[in-house]
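Naming follows writing order (A, B, C and D), and every chain is counted from residue 1.
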Amino acid sequence: GPRNLSCVSYKHPSVRGRLGGAGGAVAGAVRCPPGQCCIGIWNRSHALVQGCWGGGGAACPSPTCTPSPAGPPGGAVLVCLCHGHLCNGNTTATG
Amino acid sequence: GPRNLSCVSYKHPSVRGRLGGAGGAVAGAVRCPPGQCCIGIWNRSHALVQGCWGGGGAACPSPTCTPSPAGPPGGAVLVCLCHGHLCNGNTTATG
Amino acid sequence: QERRKVQRQHRSARPPAHCRLQELTIDLRDRKFIVMPTVYAANNCEGPCRLPLSTRVPSYYSHTVLLLGMQERGAPLQRPPCCVPVRYSDQLIISLSPEGLEVRKFPNMVAEECGCR
Amino acid sequence: QERRKVQRQHRSARPPAHCRLQELTIDLRDRKFIVMPTVYAANNCEGPCRLPLSTRVPSYYSHTVLLLGMQERGAPLQRPPCCVPVRYSDQLIISLSPEGLEVRKFPNMVAEECGCR
């Protein structure tokens, strides 16, 4: 897996809890522990959480962020995992 | 089992370690935690250890000390368990 | 309500409905260097681990719940969850060696609480 | 020397010679409220517990050694010693409820070390 990747770090005020290494509710970047991926989660209109994800068998084969639906049906949540520098900041699938 | 029995407490200088609640290498008496018995261990010529013993299923049906051989064959060690007041101080089987 | 004390049932009685502490005596008389105890109450954990654990077995972990979930959905597990001791207590052992008599406390000799792992 | 890392053998390969950590992936896609992870490396402890443990399984207790001794001498045990996780690690779970998205660390989700209990 990628080593010490940098990812966009963000948390929407509506989200409870936090990703490991992610900062507060301000946009920024974070350097991940070895082996982790970048993750981005969006709803229809805006980003919910961005940061580092994984370790222990998590895989992110794509260098770029291609969000796909996840979670409960009708929840309208899109998730991407990727391993490019700050790759979880840009996505063509959401506004 | 008996509750808060008092037993003779003694440890010969040759003995390593200690029984729970037993004092140092001086003769005396000790009050045992609930459910424990008195124990006495002797070799041919003298007492080795006296104090409280047991809990967790240990049984001492006899009120008096009747030592019987224990441990390795040829070790010449005699042990008694009993539930009478200071019962592990007196035995007719050893000098 | 589950009783958490040792179940004093006979070995021939039917096994417990859920994972729990059962009485078991271990005989140490074949270990000739041991003076005392000759037998001791080591106890053991016995009984099945089945969902839901929350109402049956006080000590359980998420890992176990997920394994049991896999099993319920028909996925075969190489090692299904097992009822094991999760807390032990010590036992004093009096032994005789050529160096003399020794009284020593051995850790993890007596099962005190059970869980599914 | 025993390797203490996860054994990355295929599930169809022969079982391990002694109790040890094996790779196991748990699928969480049927738990609809979970956004991430969809699958995670939970791992499992697999393999037999046999004497001598000292040269085979790093984590073992006196209680287990005495149970195995009983078994070797032909005394039947209601619950023979079992290979189980003795150390776990956490897993982050991202879930979606009517209250919104939540990132939460769940303890004891990943088996990290095995022992005979």
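We take it that a residue touches a chain if its C-beta (ideal position, glycine included) is under 8 Å from a C-beta of that chain, and two chains touch if they have at least 3 such contacts.
Just so we're clear, the structure is a prediction, and the values are computed from it rather than from any experiment.
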### Summary
Leading the contact tally is the pair C-D
### Query
Centre-to-centre on C-alpha atoms, which chain is most distant from subunit D?
B
## Note on the structure
Chain centres from averaged Cα atoms put subunit A and subunit B apart, in whole Å, by 68
### Task
Could you grab the centroid distance between subunit C and subunit D? Build each centroid from C-alpha atoms only and quote it in angstrom.
18
### Query
Counting in whole Å, what is the centre-to-centre distance of subunit B and subunit D, each centre being its mean C-alpha position?
44
### Task
Two or more other chains in contact with one residue: find those residues in subunit A.
none
### Task
For subunit C, jot down the residues that touch at least 2 other chains.
91, 110
### Message
For this structure, enumerate the chain pairs that meet the touch criterion.
### Response
A-D, B-C, C-D
### Message
With touch defined as at the start, can you tell me which subunit A residues reach subunit D in the complex?
### Response
12, 14-20, 39, 41, 48-49, 53, 56-58, 70-73, 75, 77, 79
### Message
Applying the document's contact rule, which stretches of subunit D touch subunit A when the two form their complex?
### Response
23, 25, 32-38, 40-41, 89, 91-92, 94-96, 99-105, 110
### Query
So in the complex, which bits of subunit C are touching subunit D?
11, 15, 22, 24, 26, 30, 42, 44-47, 61-63, 66-67, 70, 73, 77-79, 82-85, 88, 91, 106-111, 117
